[in-house]
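These are the structures, in structure tokens.
After this come two complexes, each holding subunit A, first together with subunit B and then together with subunit C.
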Partner chain A sequence: MVKGRKSKRSVSNRRFGFYLALPAILVLLILLAIPAIITVFQSFFVVPADGVGIGTFTRVDNYLFLFKNEIFWATCLRSILFAGIFIIGSTVIGLAGALLLNEKFVGRIFLRGLLVLPWACPWLIVGIIWKWFLDGSIGLFNGVLLRLHLISDYKDFLSDPNWALLMTALASTWRQSCLVALLLLAGLQTLPRDIWDAASVDGAGIFQRFRHITLPWLRPALTVVTVLNVIYGLMQFDVIFAMTQGGPGSSTTLLSYLIYRQFFIFTNFGVGSALAVALAIIALVGGLITVKTLYRKIEL
Partner chain B sequence: MDDSENTASLNSNLDRRTLLTAMGVAGLTTAPLLSRGMMSEAEAAGQTINFTAWEYQPDTIKSLVASWSTKTKNKVNISFIPNVGYTAGIQARQRGGKPADVFYNFAYNSQKFVNQKWAADLRGLPGADKMVADMFPSARSRFVAENGAIVSAPYFSAVHMLQYNKKMVAAAGFSSTPNSLQETYDQCKKIKANGVASPYVAYWVKDFVEEYLHVYLLAGNVQPFDKKGNPIFMDDPKTLDVLDWWQAMYKDGMTPKSVLTDDPGKHTTSIANGDAAFYALHHYFLRDIVESKGSASADIAQAKIVGTGGKTLQMGEVIQMGGKVTGAKKAAAWDFMKTYGYKDAGGQFTTFQKWAASGALCAPYPGFFTDPKVIAAFPKYMDLSLIKDTFQNSSDIVPARTLPWYQGFQAQCGTIIHDLLLGNSNARATANALAIACKTAKSGSGL
Partner chain C sequence: MKIVKKRRPLSRARIIRSSMIYSVAGCFVLWILFPIWYTISSSFTQPSKIGARPTPFWPANPTLDNYRIVLGIPVTDEDCVPGMEINCQNAPSNVSVNKIIDTMWNSFHVSSLVVIITLVISTIAAYSLSRYRFVGSNFFLNFTILSRIVPGLVLVAPIFIFLRVLNLLNTPWALIISYTSFTLPLAIIILKNYFDQISIDLEEAAALDGAGRMQTLRLIIMPVAVPGLIAAGVLVFLESWSEFFFALVLTDSYTVPPLLAGFLGLQTFNWTLLSAATVIAIIPPVLLTMVFQKYIVTALASGTGK
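Up next, the complex of A and B:
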């Protein structure tokens, strides 16, 4: 084959792949790209609440309003903190779960099936369940901590501004870690057993094998799950809404909740759109950093 | 607010509106009635009304709708949106091009919706003035804007009352329920010393605590806003006393710490099982407490929030007509609204009789409280004359709560009050923050 000339087969394969992906691309364009473009457009206007007309062009006034407001910056920091807890928690717990479920033991298939259950719960239901789970009078969470002698009395975690953010992040992590475990388990299933056994024969301990074989092998999957975690962590709304409505005080008010308030309470669609753009940029930067840091092509 | 002053100012509103309406009719006597949507009943038949409500007693709603539908030969498509997120749902439908013809709404949204043309001004519709005139004077300004627009009809009305455990109060040595906020604290303290860990419960969650701001300001004889909707609470020194009291109730353990996030159901269970002595919320919650048949349910009675010492908040939610409803559909929609929010064609409070029976909900009409069917429908353990007296003489609707900017204030209120209760602020700083919140809400610049 002459170098530099693409084979007919490879061009045909790419075109075929494109056509297969085309329906999904169209759906994404209609459901995501067009509303996103409209949101960006609206962020430069004072948009009439009744939806009649575009509104008044304000240039960057909506953005300046946000940047001059200390509530915005405090909420940004809080959102990043929440996302950080969520990302680390989901990834670590999910990886631990995947490693465990990759081993052979009785009941493995049943436990793997159970992984799907939290993931199948809508986020709002997760919030409602965890609100009762964390209840300061009858919650099971308190009961378990009490029996483990980690607390001496039941505690109202959701009413304590020092704990509320952590608890809402924990509730979100509970669901997300199941998805992470499923994705990483799929990655682990492709790891050739020979490499693992050879390393063991060569004298590598369990942590050395984990660090030098398992983690590098999981790098692509870890990249995907971390990017997903960044997005889910920053966009989290339902759990907060169900558990605390952004309270107590403003201790669990995230950017997503501010966006909700702007759109549906203040009906200030311009500022709400500017907030949404700001959140999207933060998520985009987080995703790019993740990909840059974690992704390396596996040498075949 | 003094009823006579209220009556005078609202009577002048009615006179102005009546005069303007009369002038309009005189000037337009030759205009086709169609253009005002004022058609005869026969012409309004055969319409399909899209009605949106939240999910409180959907079967009762369906039966009310079916009854009207059968009598008028109009069809009603009902859709339900959960109460939580209802505003977001109804707004999404408005902007998405699928607005309802008649819909439930929160009172604090009502003027905003009319201003944004999502809801219709009901002025001039047949019987609208009579509906308003038949209300308690204290209630009218929830439904009538300062400029005379009739922005809504009643869905239900309620007053904040104090549900209390008779035995616990008596055992603490008190012969009556509190007549002031300070007495409330004192009674709680004594009952707490008698072994009830958290004697006082209320629905102080972030999105709802604004109602309690008015409940407690009114109980402390503070007028929160003037007639034009300007905040005046920060000019009254008693405001600081109220806020200090409120903070002390939380910090000193008179309430559970979880009161900042607990749902009403939990408080109902708490007082019904003897874990609380006082529960401040809408009067109809007494029904839930008694009918939950908890160990202490039979000991629970109802009193005014601070007895003779102050007023309470009269609240209620509304129904509105879609802003784009016209012609025959408008006539049908208005007929439906009158039946649902006032009286049926036979002059009966049919809808409210059903709500009284199924939920102990009230209506803002004096005639409702003397209706024999309502009296028969109300639970026997509820003192209807006390509730009527509270509506008539001891409550305030705080008209500012329906102003278009008010929801922005309400959204900020929760954070400010929670900061006070958690000890992150003091009474003076809280009063200032609330005043600033009003200002930013009015200018539309809240975040």
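Up next, the complex of A and C:
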């Protein structure tokens, strides 16, 4: 009797839970799952330029086309290089910022407030700000370098293929490092002070304490932050669009930019979809590697 | 303890430490401020003075004309915008210039609607994921988390075609619909984390008092969840306000980011004007982030526990 009532209630609870989640499930099904499936599907087809209908099945020709194409591999490498600079830069600068803000000093509140500025900037605006900051004829960056006598004349970094990728990555790092700093700072502030003090009484130096207390403590936060960095690094589009449009030449053409061009300039939906799938796989692998390498060591 | 600490500033280590802190802090301030400062100072610079070398840190004879032109306020200054096709007297009638306020309204409308829709759907879904189990609930949660990794680029082509078939391209709905695809998972994850921290005792007490399940959610849980709702709402608003890619592809510069991107390519629109427009465009997100910083950081950081 009691059992029957209980299971009835749990059935009703289950149904209630399902109904609550149903709108979200439907929306995500229509807006996420189905489009994603269609994209995967289309990557095996030659899709007509208007994108309606699926066109002719070509097995893996779109992928073969990519794999045989030097541009594809060069772009992959460039994307990974960009993401690498971005991830390392954001994490290192962000960690330094968080450690700094965890100390007491005059102007700490001011600096904390400043961190919000880049973070609040939309990515596209980050690109606009840096494009002009680095500008080869009026940019302040050149003005500073000139005053420091590091350059003899203004240099247009964004039209130099050797510098453009680094500079776009730097601009993206500028925003992300602030977000990383704020998130890691939130993690640091939950670190119990007595552990730190006890270690210092035991004679652990500042670097030892950093390595054996702070870093392990921050590991969960670092994992999430790095996953975020991996995603933003591999998906970056806005900053590139604003700063270089993929140029000069193809020196800042990342996978995201290549996909945009395939879809909306060449309306080549088949190859575009194959590229999008490749990018998604790279992002998933990148995310997984991050979680595996960073997250496993938490127990230490 | 405290006395010992107070005496320590005399030690050499203490001096080294604080000089290190201040030099790192100085580097940080410069790193953050330089690009933004240049944008702000350019927005007050007269267009004819922008080419000075080495680029000045401070605008000579600062002017408000750039803001006047961008906002469509008549400019009386003689030396207003040399080389520009915009006649100073009828600057207000030049559509491409004073579009910024209208476009900010558009952005505001789109973002607010996305926030409302997202919050309504995500609150009940997150509550369900936090408190109830149903067939596939774990799969749904994992799908939601995973979807944060999948780029909009994977979804954009089918969504583009859906919207074209439905004749919704170039309407605010195109953006509201497509933005929901990434704001919804974000809000669900944040709110689920938040509901997980609320003790279940509250609901049990409410159930003992005879409150229905829906009543409990509305009257007991929602008031407690306000900080989580604020965090999710603000983050969703910021994401919608900042989104560029979908807005570029699905509309004709309906919101602020594609409008500014369009200005980049206009010969008649120089950097002093663009910088003024940029400063105006980042005021809302900066204010919003500053005011709600605590909520947002807590919400994002509590996600780091997972």
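Rule of thumb we're sticking to: the second predicted complex is superposed on the first by the 260 of 300 C-alpha atoms of A that agree within 3 Å, B and C clash if a C-alpha of one lies under 4 Å from a C-alpha of the other, contacts with A are read in each partner's own complex, and residues count from 1 in each chain.
In the analysis below, a contact is a pair of C-beta atoms (placed from the backbone, for glycine too) under 8 Å apart; a residue touches a chain by one contact, two chains touch by 3 or more.
The structure displayed is predicted, hence computed values, not measured ones.
In the three-chain model built by superposing on subunit A, subunit B clashes with subunit C. When the two complexes are overlaid on their common chain A, residue A:L95 makes contact with neither subunit B nor subunit C.
In the superposed model, A:V277 makes contact with subunit C only, not with subunit B. Touch counts on subunit A: comparing subunit C and subunit B, the chain ahead is C. Within the superposed three-chain model, A:L66 lies in touch with subunit B and out of touch with subunit C [touch as defined at top]. After overlaying the two complexes on the shared chain, residue contacts for A:I128 are found with subunit C alone; subunit B is out of touch. Of the two partner chains placed by superposition, subunit B and subunit C are both touched by A:S137. Within the superposed three-chain model, A:Y260 lies in touch with subunit B and with subunit C [touch as defined at top]. Contacts of A:A36 after superposition on the shared chain: subunit C is touched, whereas subunit B is not. Looking at the shared chain after the overlay, A:D238 reaches subunit C, while subunit B stays out of its contact range. After the shared chain A is superposed, the part of subunit B among 38-46, 92-100 or 326-334 that runs into subunit C is 92-100, by C-alpha clashes.
Annotation: subunit A residues 51-52, 131, 135, 137, 241, 260, 263-264 touch subunit B in one complex and subunit C in the other. Remark: subunit C residues 18, 21-22, 24-25, 28-29, 31-39, 41-42, 50-51, 53-57, 121-122, 124-125, 127-129, 131-135, 137, 140, 143-144, 147-162, 164-165, 177-178, 180-181, 184-185, 188, 213, 238, 241-245, 248-249, 256-258, 260-261, 264, 271, 274-275, 278, 281-282, 285-286, 288-290, 293, 297-298, 300-301, 303-306 touch subunit A in the complex.
Listing the residues of subunit B that touch subunit A in their complex gives 84-85, 87-88, 91, 94-95, 112, 116-118, 205-207, 256-261, 266, 407-408, 410-411, 414-415, 418-419, 422, 424, 444-447.
By the touch criterion given at the top, residues 48-52, 65-66, 69, 71-72, 131, 135-137, 156, 158-161, 241, 243-250, 253, 258, 260-268, 271 of subunit A touch subunit B in their complex.
On the side of subunit A, the complex with subunit C involves touching residues 13-18, 20-21, 23-25, 27-28, 31-36, 38-39, 42, 51-52, 93, 96-97, 100, 103, 105, 107, 111, 113-125, 128-133, 135, 137-144, 146-147, 154, 171, 174, 178, 182-183, 186-187, 220-221, 223-225, 227, 231, 234-235, 237-238, 241-242, 256, 259-260, 263-264, 269, 272-273, 276-277, 279-280, 283-284, 287.
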